Amino acid sequence: MFIKISDRNKEKIELVSLIDMIFILLVFFLVTSFVIKLNLQERSLYVPTPKNVLGRAQLLIQFVDENRIFWLDEEASTVVESIEENYGYLNDASLRDRILSNLTSNNIISLNQMDSKINHLISAANQDPFTNYFILIRCPNELPYFHVIDVIEKLSSTKYRNIKYGCVGGTFDDIRYCKRIYDVVEKDSKGNRRKNLRIDF
Amino acid sequence: MTFFKIKKVVLIRSVQAVFAAVFIMFVIRTYFWIRLPETNIQVSYSGQEEKLIIPPRPGIKGIEITGPQIQPLFFSVDLSRAGVHSLDFLQLQLIDPHADVKLTCTIDEQGRLLFLQKDILMEGHTEAGLMIQKALKTWIYTPYKQGTIKFWFNLPSKGRKVIIDLSGLKRKDSIPRHIPIYTGQIHLIDGLENSELQISG
Amino acid sequence: MAFKKRNNEKKGLSLPGLIDIIFLLLIFSLVTLSISQARVETKRRGDQSVEFPLPETRSTETEETGGILQTLLFQIERSDPENVQSPKIIYALFPSIKDSLNLEEAKIYAQRDSLFAPFPDNFLKMSDLAFSKTAPCGLIQWAIRKYKEDNFPKPDLANSVEIRADRNTEFRIVNFIMEQCSAYGDTIPRVVLRTLTAKESQNVY
């Protein structure tokens, strides 16, 4: 049996050039990825200006000092409600002191604790794109403003950009020596009745 | 190699290289395109009028922190209590299709339905009256309202066979005013159609 | 069975392989050239020489700044960058009508026109009224009023004032600028804080 083998020159796969090609591609991707992980670039961060109205928010982050935050969220109104029920006979100033003493002991947290709470808030925001949050950040005059930027940075890592923020100047003493702190029932934008915590300066 | 063979090879390789280059560039471009934040790649269509939407701005005149939603309370038969029995209306109709029984009951602080013999009018319909009493004695309501509640079982009626009068009920003083109390299921009568029932007050 | 013996020629330099390599090198150079050109352009456009540390952020809500001044910018820096005790100076940098000034040029104009003022050492201890009467606060109020009258006829989201400050600048100064902007209601609804952000998502070409 004769098997005629064609006499053509079979094209061999050039292994050497293939290896070279792979190395070059590798170098190419390494270089481009290195180029992309770049220097710091100057960018613009938009922050809303304050307004001379009542400061409504879902959350208050008040800088007490560089390392401590006074955190007030919706749980605070429940605490105030129970104090108002039990100590309603006190005058406004005494009631305020009692409420603030309670809130101060439970709601002044470290920066690490704040990070953890912000992460919870962000997870909640990411699960519900239709709920909008507004965070009020109050910072004392003497604190460097990069502390505020740090908080803003943490708050802006949401999937649906449904956490908004604003920062104003103010100290913890403004709250500690406020005129009055109390619960008030109001309807929200969806018509639901809520028990809100109000602080009058 | 002859000149023509080189030419052929060069042609083939150049075509291959161009395809490879285009493909690689496309992959890289897609990779970075996907990583871009959404706002950078949104294209607004022309003709859309841009409304000025000012983002929320922080207020400085006091603080109001949004609290939890106020859940309304429902005044109804408390089905979670043990020993609550329903009244079989069809059975009642079989026993006495002309039953005419009136009960004036009191709901106490714990939500129990209380009545005395003098509060029951069941002349000539004793069996039906006893059956009704046996069931109503077991009913316990959620402790949000107190006062008198009247039941009228008027089986011969072609229209409403059961009339329940709630006008004698008042909300308990211990429940804060801002919490709304709605009326839920205030009877446990099986086999009673809606068209046969009237709830007033 | 007869096989034609293959001619075991000694192969010289394999030209197709070489051609492959040349083409790949060519593509590689073209692509990296375009990247480096983009980078140079970015450097020219966006990377200002940062003479003092801006606050850093990884926030995805930042936007790229251009090299050209687009709006009124307040630059707050130390009079002596080496000395952390040196007083802070604020410069009011106005953009040109043709939008052609970069930061360095605008600062030169500001120095020429005396649109700068140092903060007093004890500005943190001053009352709000006393602070608002200092020279730098007067400059801030004047600059915002003037720029607003000339450029912001009505409320618009695009109306903003920029703040470019050393990261350790006290919040009082930033807050004062924001308050002065808020005096005009929704006309200036936002301020822009210049930050340093890592360049991640960049078009390759």
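Think of it as A, B and C in the order they're written, each chain with its own count starting at 1.
Here, contacts are C-beta pairs under 8 Å (C-beta built on N, C-alpha and C of every residue); 3 or more make two chains touch, one makes a residue touch a chain.
No experiment lies behind these values; they were computed from the predicted model shown.
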If you average all the Cα positions, which chain's own average lands nearest?
A
Chain pair with the higher count of C-beta pairs in contact (A-C, B-C):
A-C
Taking each chain's centre as the mean position of its Cα atoms, how many Å separate chain A from chain B?
32
Cα centroid separation between chain B and chain C, in whole Å?
52
How many angstrom lie between the centres of chain A and chain C, each centre taken as the mean Cα position?
24
Flagged in chain C as touching 2+ other chains are 16, 20, 24, 27, 31, 60, 182, 189-190, 200, 202, 204
Among the residues of chain A, pick out those that touch two or more other chains and give their numbers.
25, 32, 36, 48-52, 167-168
Could you check chain B for residues that touch two or more other chains and list them?
24, 28, 32, 55, 57
Can you check the complex and tell me which residues of chain B touch chain C?
1, 6, 9-10, 13-14, 17, 20-21, 24-25, 28-29, 32, 35-37, 40, 52-55, 57
Counting only contacts in the complex, chain A reaches chain C at residues 1-3, 5, 7, 14, 16-17, 20-21, 24-25, 27-28, 31-32, 35-52, 139-150, 152-153, 156-157, 161, 167-169
Per the touch rule above, chain C residues touching chain B in the complex are 15-16, 19-20, 23-24, 26-27, 31, 60, 155-157, 182, 186, 189-190, 200-205
Chain A partner contacts - residues on chain B that touch it in the complex:
24, 28, 32, 55-70, 178, 180
What residues of chain A sit close enough to touch chain B in their complex?
25, 32, 36, 48-60, 72-78, 134, 136-137, 164, 166-168, 170, 175, 183-185, 188, 192-201
